[in-house]
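See the structures that follow.
Heads up, the next two complexes both have chain A, just with different partners, chain B and then chain C.
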Partner chain A sequence: MLSKTSPHITGSNSVGKVMVTLLLTMIPGFACLVYFFSWGYLVNLILASATALAVEAAILKTRKRPVLFFLKDSSALVTAALLACALPPLAPWWLTVTGAAIAVIFGKQLFGGLGQNPFNPAMVAYALLLVSLPVFMTTRWANVDQPSSLLESLQIIFNLSASGIDGITGATPLDSYKQNIARLTSADLLVAPLFNGQWPIGWAQVNIAFLIGGLVMLWRRIITWHIPVSLLATLAVMALLFSHDADAKVPVLIHLLSGSTMLAAFFIATDPVSAATSNKGKLYYGAGIGLLIYLIRTWGNYPDATAFAVLLMNFAAPLIDHYTRPRVYGHTNAVKGYKSDD
Partner chain B sequence: MSTQASTLIKNGLWSNNAALVQILGLCPMLAVTGTVVNALGLGLATMVVLVGSNVAVSLIRNYVSEAIRLPAFVMIIASFTTCAELLMQAYTYELYQVLGIFIPLIVTNCTILGRADAFARKNPLIPSIIDGLAMSAGFLVVLVLLGAIREVIGQGTLFTNMHLIFGDMARSWEIEVFKNYPNFLFAVLPPGAFVGLGFLIAAKNFIDDRNAKKKAAMKTDEPAVSRRVRVTGNVG
Partner chain C sequence: MNQQANLITTGKVWSIPGGIHPAENKSQSNATPIETLPVPSELWLPLTMHIGAEALPIVKVGDTVCKGELIAQAQTGISASVHAPTSGRITAIKPHPFAHESGLDAMAICIESDGLDAWRKQTPWKDWQQHSAEEILERIHNGGITGLGGAGFPTDIKYRNKHAAVHTLLVNAAECEPYITADDVLIRYYAKEILMGAQISQMLCSAETIIIGIEDNKPEAAQAFREAAKELNLPVTLTVVPTKYPSGGEKQLIQLTTGLEVPAKRLPSDVGVLCQNVGTLRQIYRTVVHDEPLISRITTVTGKAVNKPGNYEVLIGTSIETLLNQAEAHLKKAERVIMGGPMMGFAIPDIAAPIVKATNCILAPTKKELPVPMFDNPCIRCGMCEQVCPVNLLPQQMLWASRNRQLDNAALHSLPDCIECGACSFVCPSNIPLVQYFRYAKGEIRQEEQDNRKAEQARIRFENRQARQEREKIEKEERRKARAEAAAKALAAKKEAQPEGAAPATDAEDPIKAALARAAAKKQEKQASAASKSIDELKADVEKAKTKQAKALERLAEAEKEGSEMVNALRKAAGKLEEKTKSAELALQQAQEQSN
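For the complex of A and B:
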């Protein structure tokens, strides 16, 4: 009668299963990205996945870890998928490859692999590329009204077209609203097809698709509600407080339905490794990201804010964990500072 | 004497390297190793100051009391730094402008005060000179190596602007490693220096580890004495 060590009762979710479910729930949002914007997203996904898997295998080999065991948990694929959603779809191929390699090497393996990384690997790579190569990261977006075909995307990404495209600038609703609100009224601005009332074509669909994917994750208990709810609520409250005048600042609906809001709330901020741990901590953590997203979007110079907001709160996660330790069963809460009967 | 000298040189260049083992002088190392020429310029200036301060501290070691030694050392180092600064102003003015505040900041480089206090004040002149040369050479090599790595990754060139130190004949030394390279700003900015230095330290530790393992393997090759264990009382 040999008995294993505890825990004896385990859930049915293994790491690999969680990661695969997460990838599946990303499909609707990703499909919307490809349908409304560009096939480039799919090309990026393939490039990033191949690079991430190859680099992960190479580093596991040099670290003398079991290669197949760690590759099978698909965490490298999740990083690649998040990165492919975040990078400009028509970025040159080497940008995507560099980004995926940076994510796996600097974001993950140098810290000791899955479960040891203090920062979200995909966001590390995105921020590093945005700081290092600002031109390529801001001029290779696709337009909603004229999605490029698969062939065109391939030509641009691998620099094969004879004409030699220097840059494609697709205006994002967030950025465009911020730039133009100084000279136009909100009503004038919102009739443009980019905004379509307050439901920007493409952007709104992508965000709603990611929202649906996130709800499926909640239902499958891959994530808990704390981080997305507190993130979205804080962002909405900030927008209601400071952007109540739509003629001055970006209104709340565009904050929620454009940019990478839903992707950030459900798929990026909920990374269990780099987020805060306890339920109370998760609330603070999500609220911090929501707050930072609003601050950077409104008063910063970058078109969107997810990567920096998430990375900054990754820094804060250990501190949040320290101050939000849950009460241990059978113990009362520790009294901090002077005790009254001293 | 000669064994002492070789130990000093080995310590300075490798086993007690100022940049890779003591990790001193981080501020100039992270700030000015963007290109080879900056790294070389600052490394040479540091060398002048370190050797000079080691000489001076060693000469006055019997006349300065314990209590006031640190202020005295700092004054000496500051004087040599001013000399180096004036020399650079006179002969390599453009480089002086590029390096800017980091030349006067050589005063605060912990390697220099560290060597004065830990070595030169307890040792005679000649070993102090050797120690100063070896230590600063070790620092210089790491600076230049880091500068080369960051220049290649950051700008895709190597040895650019070397004429700032070596005069006009060095203008043709520039090598364009990659054609049409988009500048990779991360390597140019200080975070790139942190990551680069981390990799250099890791490489040094890796080499040390491998050498230690080799040594250990050599030792076990010695003829083995019989390791048979007696299991009965009557093996014969």
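For the complex of A and C:
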């Protein structure tokens, strides 16, 4: 019970508002995904949202928690939206539904619901799917030069298509560059329609749109600059150091502007529940993700590495928190580690 | 001209971490001049209006008193006197409602006003410079002055408790809490009196500079200061700080205006700063120069339920109800009445309670104006609390630790540094009353420290007793030895006196006997030391077990009182602890018997 002690005023902040603002800032990036690639993203979003809400409601009910009160905070929708952005747009419907259910059940509610989950729910689902169903997760990407129509998307997603799906699915630029750079030169690669001479068309716009959304979040003070900046900076520095030869490795521009880089930097890594808390801690946390993204993209087996990078740093977050406490007013040193004595 | 320009310097503003920008809501109350409240028919003067020991009444029921007469004397140490705010008759000395969160009554003296408002004999010191610092401090002490900014710390102690040389007198004119304008208006009308108080204060603490720290939302007040300083020809540094809560916190303002941080658990004077609220400075002037003790103050009355919001000059002891009526408050509309500001004030349980020396604001908001949050969501670890904490704490981690009662958690290490400003609660999107948890945990930590201190004292007492007993034992032993030696000598003397013939037999017998005796003595000694050591330990064990048991019983009683479901578990635990105590005692007994 709340007693009437100070403070007697509170800001106009609420969890619901934070989540809704977050969803709104995702719109530009999401619109680009739909516009440049496929209506499949929208279908995925609807499928994922419906599943996430239904599963969340069911679990809240069995856990005897106020269902509407918690549904209203929209955190399930955020998880669904992140998942919809991350999954391949032309994945079969059951993949999306399973993913959303996994995210809510195993990613969030099993740990005790909102605020208790040590890992990012959407990334838990994504990683599980990627490990168990690699084929569906890597081949069902839409082609940028032939954006699939709504009808086509629906046909593929619900497996009603008479013709094969090969015509309209393709690889992501990161994947394609990595696969082919061994035998081709950078210049050869970049003339392909996927890159259109300079950078990955479509993906670049999507990333810039997510960047803009992220800046809006910064401005609304929903996130702080620490994680995105340290993440992007580390990724860029790594790429500059090790990928300076564009004929051998994926160059920095493609790292920054393709795949889920900006989505990860502003929307996934900044998920406060599973991130480090202090400002200094956030810098380490973001840098860690940036580093891991580069390492996994370059030397790992998976083309895009966001999910694994984020999950690995989720593991490290509590440790980072213990070693990055800020110095308190009037004290000469910060308290570090688990010790509680001076 | 040049000299005048140098008179008022603009101070450098340093930055502080965190802070929030709540709606200021100051314009409702700072537009009108200060209104003086008529003398009420009855005044209740609590004896505990300040931090420290309560004042002791020196009047009886039935006595008549003059305005300004001493009615309750400060105790030695930290305490403050109470004076009659008007002339009249003492009608009661008994517990009366008191503005405190606990809702408990406090001892108070009631004065029935005779309507004359007649002063006692006053001896003004127009030439206060002629008096020594000690005399002036005595006068401040006798005037019952306490900090008027909110905490109510006896003012003279602040000057006496200096640990280092003070270089800066900081005038706190920030008034960062929303709604409150008492200081703002006070400065506009009495800037000169405030600065004269600052002059006296400067002389008392021998500060080289006077810095005035004021928020940039009070340009009129800042101007008033400038003019007053010119008029008095008093060099001051005017530091206009950006409006941000809680820049008016003592430690925060020191950091903002000087860049200095007061070390943890120390006083501002440790870094050479003495901070005084504007109201206190003016009172120093009134008391020292005009011989007026602290019997009235300026209080803001505001909130949407109040029809005539503004600042009122009120006699200390006036009931809050009287003041609210004067300001035409609709108590039906007000859901609660808050003493102090919305950030750090508290809801008053009973408005019959009087205005006290530290009451800077009475806030009567409507339900819509300041709604009471109903639900708190779980913490989403958004970290917003951390971004606004002015002392760089991690409220979110402290919340977690205090909720789980992990009082030795590292995150709680700095909990005592929390200034309870409420900024974290203000921004929390989950509406978690963080400060409430922190206050609770602070109390627990204090309790634990107290317990530890008690245990420590018990230990020291115990050890002293041990040492004494040990000493006595050794002394006894020495005495015994001396006796034995004397006896041996006597024996030897006797032996010498004995005939030769008997000697060989005793000689042959003696060495063996002596050796045996020596060995036996050694063994005994060893045993004794081992036994006594274990007795020490055992005694400590018994002591420990006993304190544990007592604690458990206390907790059990509490749980029983509250009808908590923990009762059974606690009872079991208490039983077990009792067994332990018994067995420890038994072991001790046995050991003692053995060693005897």
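One rule holds in what follows: the second predicted complex is superposed on the first by the 315 of 342 C-alpha atoms of A that agree within 3 Å, B and C clash if a C-alpha of one lies under 4 Å from a C-alpha of the other, contacts with A are read in each partner's own complex, and residues count from 1 in each chain.
By our rule, a residue touches a chain if its C-beta (ideal position, glycine included) is under 8 Å from a C-beta of that chain, and two chains touch if they have at least 3 such contacts.
Please read these numbers as outputs of a predicted model, since none were measured by experiment.
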(request) Determine, for the superposed model, which of the two partners chain B and chain C contacts more residues of chain A. (result) C
(request) Pick one for A:H331: touches chain B only (first), chain C only (second), both, or neither. (result) second
(message) Between chain B and chain C, whom does A:F106 touch in the aligned arrangement: first, second, both, or neither?
(response) first
(message) According to the stated criteria, A:P7 is in contact with first (chain B), second (chain C), both, or neither; which is it?
(response) second
(request) With the two complexes superposed on chain A, say which partner A:F136 touches: chain B (first), chain C (second), both, or neither. (result) first
(request) Kindly classify A:L240 by the partners it touches after superposition: chain B alone (first), chain C alone (second), both, or neither? (result) neither
(message) For A:L319, using the defined touch cut-off, is the partner it touches chain B, chain C, both, or neither? Pick first, second, both or neither.
(response) neither
(request) Check chain A for residues that touch chain B in one structure and chain C in the other, and list them. (result) none
(request) Name, in rising order, each residue of chain C that touches chain A in their complex. (result) 20, 22-23, 101, 178, 251, 255, 261-266, 336, 338, 340, 342-347, 363, 365, 370, 372-384, 386-387, 390-394, 396-397, 408-411, 413-414, 417, 420, 422, 425-431, 433, 435-436, 439
(message) Per the contact definition, I'd like the list of chain A residues that touch chain C in the complex.
(response) 2-11, 13-15, 17-18, 69, 73, 75, 113-116, 221, 224, 272-273, 275, 277-279, 321-322, 325-332, 335, 337-340
(message) Per the contact definition, I'd like the list of chain A residues that touch chain B in the complex.
(response) 106, 128, 131-136
(request) Over in the complex, which chain B residues touch chain A? Could you list them? (result) 182, 184-187, 189, 195
